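Think of it as A, B, C and D in the order they're written, each chain with its own count starting at 1.
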Amino acid sequence: MEARIGVLICDCGQGMQNIDFGALARQAADLPGVTSVNLSSDLCLDEGTKKMVSLIKDENLDRVVIAACSPDMKEHIFRDMLEKAGLNGNLLSMANIREQCSWAHDGEVTDKAADLLRMAIGRVRLLRPVEHREFPVSTEVLVVGGGFSAISTALRLSGVGLRTTVLESEPVLGEGAGEKEDLHGLDRGSMIAAAERDGNIDILTCARIASVEGAPGDFTVTMRTDGTETARKFGAIVLATGFRTELTPGPDALIDARELCSAGVVSQEQLLGMLSNLGLEARPAIVGFLLDLADENSRFTTLATLNNALAVKSRWGSEVYVFCKDVKVDSEGTERLYRETRECGVVFLKCDSAPEVTVDNGKVRVEARDVFLGDDAAITCDLLVAEELPFPVQETEVLGSMFGVRLDSGGFYQDENVHLYPVDSERKGVFFVGGCRGNWDIVRVLTDVSSVVTSVCGLLCPGSIQVDVEKVRVDPQKCVACLTCIRVCPHSAIQLVRVDSGRDAAVISDLACDACGVCAAICPAKAIEFEGYRDDEILAQIEAVG
Amino acid sequence: MIIAERKPMEEIRREIAPYKKILVAGCGTCVTVCWAGGEKEVGILASQLRLAGSSEGKEVVTLEATVERQCEKEMLAELRDKVEGVDAVLSLACGAGVQTMAGFFEDKPVFPAVNTTFIGMPEKEGLWVEMCGACGDCYLDRTGGVCPVVRCAKGLLNGPCGGTRKGGKCEINPDEDCAWVVIYRRLEKQGRLDLMREYCAPKNARAVKRPGRIHAAKA
Amino acid sequence: MMMDGIIVAFCCERSGYPAADLAGRLRLHYPENLRVIRVPCAGRVDVIHIMKAFEMGASAVVVLGCEEGACHHMTGNTRARERVRYCDTMLREVGIEKRTAVMVNISPNAPHKFVTAAVETSKILEDLREAR
Amino acid sequence: MAVPLREILRTKDFVVTAEAAPGKGSSVSKTVEHIELLKDKVDALNVTDNQSSVMRYPSVGICVLIKEHDGEPVLQVTCRDRNRLAIQADLLFAYSRGVDNVLCLTGDSVDVGDHKEAKQVFDLDSVQLIHLVHTLNSGKDMAGNELDGGTDFCVGTTATPSADPLEPQLIKVEKKLRAGVSFIQTQAVYDIDELKRFTEFVRKLDPNVKILAGVVPVIGAKMAAYMNENVPGISIPQHVIDELAQTPKGTGIAKGIEIAARMIRQTKEEKICDGVHIMFIGREERVPEILEAAGLL
């Protein structure tokens, strides 16, 4: 049956003066399958949309082309209109004659607009309906990890009414690596206690993940505790496995000094221990810190150094010297902290190269060239706090490959897109928080926690996910089970499944699919169709040019 | 699985230079899986040939078809009409498919568009490695399941050559592990190194009499 | 058959497409010969789409994807880059020297880069035309 | 009259052999010069077989020449270029012309040579080749046919003491020893300790086999670094490289000769192995200098 295409052209309230809309409409009317052409000035306003709905019904249209503004703006509204008129929303194609034609060029552009319209009409003929389905989701969330970021995430998720399970590989919470930082007034102990009391939070310790399957809203996680495996359903998974630190391998001299004079060179953690335990008579008179010499972007070291230098100064009254390159203070509150530290008398020595660390009479001697004085400064310290660098914990890599998510060059989880989707992974429904994604300062971790709670809520709180059914689909008859799509899918959305005929074929999960079309492009058997972007639909647009 | 790769375009064009109307025929089995001759590759090659024609001012008409297995006469039958309508066939199947096609449509010139390279497996997306030399005299029982006949650059049967590079890499290809080091490590892991110490007599190079021919023992 | 001189631009809906829209909104003008085809990701663009565009007479094909490292679908843009390169090679293989396939990595908020891509591609075509 | 290598291996405390590389072309005059120069200074001359897969005058041809010049030749046979028929035929020819020492090797891949598209044969490997020579020695061919006149070859083979990992190499050496060899000529060795470990390993398995350490003089720090990086089975210790680096320009060869000679001397004095095999390819005329510096003349 011949298509009944309705063409709606909107001049955007006379916002496109360089197009002859009458001519455009006449050209469109001559194209095969076009049963009606209507001009409008307010298609996106109430009046316009109402008119559109009745037009579709009256003219008995089976697909619609709209030539107007960018589909980025209003396509979703127009799709809703189609649905309201009883047409499937996918049977719409738009010609962007405003942003990409009228506004982009000087002078008369009716011909180009007509071209764009022909392209859209070429495509619309081939469009097929895509059904939607409500998919009920599990509203339980799994948080992997037992440190600060994991506990804060669990508490916040529980706060919004989502049942949360915390899975920690250690026997107790809060004992993992990377937990030595000053928590800015947040008391870890009471947070753990609150989590333990919370009826909405399950805590599993000595537990590990054996396998993960499924899609957002419907993950099946197999967990191993005390040698027994249990499988449970979760709607979303948050990885909050934290990080660990190591003293920098740093200047060779430092290593020697550490060996020769183990009492004189300490880590931030050791310093914290000393701050709380050391008797008055043992207080070191001169304390040095090494900062940002090995990694100038390490917010972790910067915050720890500033906090601890301040603590040393105020509790012990020692002379404090910080050997640094550029103290980067981009974390929230860090600049204030830096000022405070300076004002209370901590001396920052800006060095242009790594200072020389030697041992002199059982004490550590640090020699550096001060950039501002233009002179060498040599300071013999009673205590030298070495620079520490953050590293991913061991399980990061294992979990990464199990979840099918990437690691960055430092071995931390790599965000999907740091600007747009900071706590998302490429696997929908799997999120990262805090140290395991390379955010080591508390302020950022708290931001992450907020972001992740928002994302998880958006995903699970409605109780169901609306999915397009088989928008991207493998034709089991054409599939040769070459596994290419499974290997290339960025979202782990494709699996090999025994299909009805008894042979194996790739099957795409509607829930997990993010509709990128990477699989459709690469399939060597041309067995994958992406409704709206099928080969013939793309080629029809090219054919219509000219 | 049989691995192949597309021939250089220059060679393909030389093959079909005298002809105007060409059937580009893909195969839906091995060469589809190794990205050399499935429906997708058929489309790309046909397109490139049409472009080549137009750049020379010569009209090239292409038909496209992909059958499940070109090495099956019965599966080629469906191409009869198409083949009859063209001047030549360009087959993207392995050597077996090309020959079956050439035999089935005897009066039509049939040309290979791929080079059949080896029997292998995908190591990862888009990378295939040779695994089997079809020697007809399988040694894998003695080598921990690693074939020295093709995975050793020299096909040695009694241990590595003296050229093994640091870290057990192959003399010829520093990126590849020396097959004998792989064999050694696997047998060591399984506590079966004695197998490697056993003398392996010269191979029966005629285990398969060429041309190979196998009758199924059972009816 | 489309007219000579047309540039087909496959635009990722997360980068190239919004960049083009923004260029229009800012009234940044670029050559009229550009025809944008919207795709969900540069990784959806396949070799055959590019080749068919050339078959139908396009003088150039530009694939506009996200900046490297910023693809929402991880490898879509890098795959597109390889495919574009492959297509360009295939053109040269059959002696087509005056047309070209180009990959452009772009952010959604980079309208000027979009215009530059359109202008530069036209310029490349001119240079190729004059090269003989 | 040259003393047969078999005799020398049995009687002499420290055996010295040198390599003679055939040239590319039908002229043998240069090779004859080398033969004349070296035949009385070393115990045997070892002739390479299309060395590095570069096509040259045949090994067996030069061996016959050496014999004609009253030297003691060792025929190198690789598995790369001939199948079992051709190898047997060549061995019969060699033996009929008095060439009765054979060194069995695998052979380089054609990929490193000048005929990269050649079909590489490897119908046999080096262990199987050793077995084959013994089969001919027993008066039969590989197919079990009686020969009208068998052979009596003295069989040697090669080994790489500095391979990494070493264990798979040692397993192969073990197989070669079981197949039966009179001598092992090693790949170039620069680390005496490595050589010691290797000889101990071999002697435990077969106390009678003679081990000739491979000596290749390195004539510059750059060359040494290059060899470490690119020549499989060779590892030149840092102290040797340092020594070469401190050598004034233009004296590299002299230094290389000095280092080689020192090593030979030490090997001999400490009785680490049974002799040396000197490979100074392209500089055969300077081999006597090494011998002199090592006190072997």
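Definition applied: a contact is a pair of C-beta atoms (placed from the backbone, for glycine too) under 8 Å apart; a residue touches a chain by one contact, two chains touch by 3 or more.
Small disclaimer: the values here were computed from a predicted structure and weren't measured.
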For this session: Check A-C against A-B and say which one is joined by more contacting C-beta pairs.
Result: A-C
Exercise. Per the centroid of Cα atoms for each chain, what is the distance between subunit A and subunit C, given in Å?
Worked result: 28
Exercise. If you average the CA atoms of subunit C and of subunit D, how far apart do the two points sit, in angstrom?
Worked result: 61
For this session: Give, as an integer number of Å, the spacing between the C-alpha centres of subunit D and subunit A.
Result: 63
Exercise. From the C-alpha centre of subunit A to that of subunit B, how far is it in Å?
Worked result: 42
For this session: Could you list which residues of subunit B touch at least two other chains?
Result: 40, 43
Exercise. Residues of subunit C that touch two or more other chains: which are they?
Worked result: 46, 48, 52
For this session: For subunit A, jot down the residues that touch at least 2 other chains.
Result: 488
Problem set entry | Those chain pairs that satisfy the touch definition | A-B, A-C, B-C, B-D
Exercise. Which of the residues in subunit B end up touching subunit A in this complex?
Worked result: 28-29, 32-33, 35, 38-41, 43, 122, 124-125
Problem set entry | Of subunit A, residues touching subunit B in the complex | 478, 480, 482-484, 487-488, 523-526
For this session: Spell out the part of subunit C that touches subunit A in their complex, as residue ranges.
Result: 1-3, 6, 8, 13, 17-18, 20-25, 27-30, 32, 35-41, 43-46, 48-49, 52-53, 56-58, 70, 72-76, 79, 83
Problem set entry | Residues of subunit B that touch subunit D when the two form their complex | 153-168, 171-172, 178, 180-181, 183-184, 188, 193, 196-197, 199-203, 205
For this session: Using the touch rule from the top, collect the residues of subunit A that touch subunit C in their complex.
Result: 70-72, 96, 98-106, 109, 112, 115-116, 119, 406, 416-417, 419-421, 426, 488, 490-491, 514-518, 520-522, 530, 533, 535, 538-539, 541-543, 545-546
